[in-house]
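Going in written order, the chains are labelled A, B, C and D, and every chain counts its residues from 1.
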Amino acid sequence: MDRETARVEAFSDGVFGIAMTLLVLEFHVPQLEHGNPDVRRQLVWALLQLWPSAIAFLLTFGTVLIMWINHHGLFKHAHGADNRLLFANGFLLLIVTFVPFPTWVLAEYLDRAAANVAATFYCATFVLVSVSYNLLLWSVIVNRKHDDPRSGRIIQRVRRAYRWGFVAYAIAAVVSMFWPYVGVAICFSLWPIWGMLRYYEREMKT
Amino acid sequence: MDRETARVEAFSDGVFGIAMTLLVLEFHVPQLEHGNPDVRRQLVWALLQLWPSAIAFLLTFGTVLIMWINHHGLFKHAHGADNRLLFANGFLLLIVTFVPFPTWVLAEYLDRAAANVAATFYCATFVLVSVSYNLLLWSVIVNRKHDDPRSGRIIQRVRRAYRWGFVAYAIAAVVSMFWPYVGVAICFSLWPIWGMLRYYEREMKT
Amino acid sequence: MDRETARVEAFSDGVFGIAMTLLVLEFHVPQLEHGNPDVRRQLVWALLQLWPSAIAFLLTFGTVLIMWINHHGLFKHAHGADNRLLFANGFLLLIVTFVPFPTWVLAEYLDRAAANVAATFYCATFVLVSVSYNLLLWSVIVNRKHDDPRSGRIIQRVRRAYRWGFVAYAIAAVVSMFWPYVGVAICFSLWPIWGMLRYYEREMKT
Amino acid sequence: MDRETARVEAFSDGVFGIAMTLLVLEFHVPQLEHGNPDVRRQLVWALLQLWPSAIAFLLTFGTVLIMWINHHGLFKHAHGADNRLLFANGFLLLIVTFVPFPTWVLAEYLDRAAANVAATFYCATFVLVSVSYNLLLWSVIVNRKHDDPRSGRIIQRVRRAYRWGFVAYAIAAVVSMFWPYVGVAICFSLWPIWGMLRYYEREMKT
């Protein structure tokens, strides 16, 4: 992996990192009046009431972390940063910075009547995430030196996983129009797949 | 490219990355009352009403991404980071961090009577962007070792593109006082030129 | 320390850095009316009234700085970034980005009747911080090449410090339910231990 | 300069970069009513009314940029990152992240009766900036290998500049209690000194 690719990675890391850190701004310190006799109980209660923000924080953080780990894995196979890779990566970063917004919408509306709208919006965003990873994979494959059979086998496996990922998210988006909880559950059931997807074989590492 | 230049690049990447990531703060979760019978339709409507924010987000993201790719290309020719380069780069970063503001103003007023004011403000900012890239190019040329004829030819081409870019943005700023859509269209018609400007020849890469 | 570990470090540094920098957003410029005859005295007073924000700023900044220095020390012993290290580090970053929130709650309520609630919340967060550092240490130990006896001795010392740290924070969380000031004091009394914990011996450095 | 120092530099660069980028959040898009017949003139006027934000933006950006360039210069002489350097650098970063706040206060009150309070607050912050740079210089000197006479001569020159800088800022803080414009002018009159302070001789570079 050469110097240019390293710069693209470092830039992307910055964007991933900031997207993750901005999430804490969603937590607001509960404002209770001074001189309130029952302030202790109320503060406990107010902190417990922050649970939707806590869930949104955890979900988004986990999602972006897993996206970052996959980005990390994918770039192990990148050689050289041409314009194709720069734009595919740019599109992916566009989606990364956007992901917090549908997550907040989901957290706000999941326990209400409009849950299916919020869940469809959320799953549709992940269809875009999937498209952006497929594009990045494609631009990595085009740039790749074709001399390593093991790398080729791994790329094939990753490619298949990404394609089925796209299909799964599209199904989730349609399903969540009618059963929002099922749609969101499909999205999260894919976490372990992305978290565990291996981008190198143990022997390659040595 | 030496270590000092790499540090300047990494610092600039951080500023570019943060400028791009802060944009998602423009999206606000729609606040609908609890117990509203028609909340589904209203949430769909409220999300659709965010289109000006979405356009501002896309335009600014694309602009800063293209500026970053050009910054990336320009630094391939930089050798050593003297005070001249540090200040030229600092001026460019000043404009980079400012770019989101005129974009938000444009998104707010483009469909209203004050469109020409917003468009002129927007195009005038790009005149400054152009000035900053010309300054950075100049400081890169001054520091360059004069031993590579291919690098010289490329620099000449880039220089010509930057000069005509300055002229085009100045014209756009004047035109947008009267026909705002035409002025903005001139700005965006230059995107492909900046996106495709080659800073190295295929042979140099090998 | 190889290239992959360096990337994880750089990414973590970004998250630490942003968490520290976002704190200044807590300071709001005092808004006094124009034409106020006694505006000088009032501005002095308004600036002095910002002391809780100043304390929150200093405490959080110091805490995150010390966490970063320990992260820095721990990674000196890391060799290779497998999924275990990536997830342990990801959990730690989750807590890092969250730390500002309990600090703000503490600053808001430490001088009021609900001080024990805020202090318990604060100390409980540090129990999580301690858990995340123990997890990261564990994943570093598993990846470590077992060929350096000095590194082994240091790791033993760090491990003991981390375990006792967990116990101390758990005690602080319980104590602060009744005596909030004592609980918080226990937390800060551990600062010098973390600040001075040596991750290498002087001879190793040479 | 070794790998550890490079990591401290990269971390500091992140903090400097974010502090600079957050400034654009100070600009708010003017909100004019829809259907206003005179909206063009009002938008021009509203944008012109943002001049205090523009000045605050420019001053802070310039100040942090110059601080960054000096940090860059100082680290050229740093060898190894011990706890002393980490804490001196941490104190400096604390002040860096704080600098935007007194700048905003100054921009808000410089044209009003409380100008001397705001100016004293502003200059006092720069006394702290000066203290932090003197501390960092000291920790760099202690770590330095004593084998380069040219490096020694430069360090002497930088040391003298930093000491006189401290004196100048202290005088500015006292003067601005009575003549705010003079105090602020003293602060900015030092910009060229910091901007031009040379941390290496031309021969060293080769």
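Throughout what follows, contacts are C-beta pairs under 8 Å (C-beta built on N, C-alpha and C of every residue); 3 or more make two chains touch, one makes a residue touch a chain.
Quick caveat: nothing in here was measured; it's all calculated off a predicted structure.
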item: Inter-copy rotation, subunit B to subunit D, in degrees (Cα atoms; steps of 5); value: 90
item: Reference subunit C; chain at largest CA-centroid distance; value: B
item: Distance from subunit B to subunit A - Cα centre to Cα centre, in angstrom; value: 26
item: Centroid distance [mean C-alpha coordinates] between subunit D and subunit A, Å; value: 36
item: Contacts with two or more other chains, residues of subunit A listed in rising order; value: 10, 14, 18, 22, 25
item: Overall pattern in which the protein chains touch one another (line/ring/star/complete/other); value: ring
item: Contact pairs between chains, per stated definition; value: A-B, A-C, B-D, C-D
item: Touch list for subunit A against partner subunit C, complex; value: 1, 9-10, 13-14, 16-18, 20-25, 27, 29-30, 32, 34, 36, 39-40, 42-44, 47, 57-58, 61, 65, 68-69, 72, 195-196, 205
item: Touch list for subunit A against partner subunit B, complex; value: 3-4, 7, 10-11, 14-15, 18-19, 22, 25, 80, 83, 86-87, 90, 93-94, 97-98, 100-101, 104-105, 108-109, 112-114, 116-118, 121
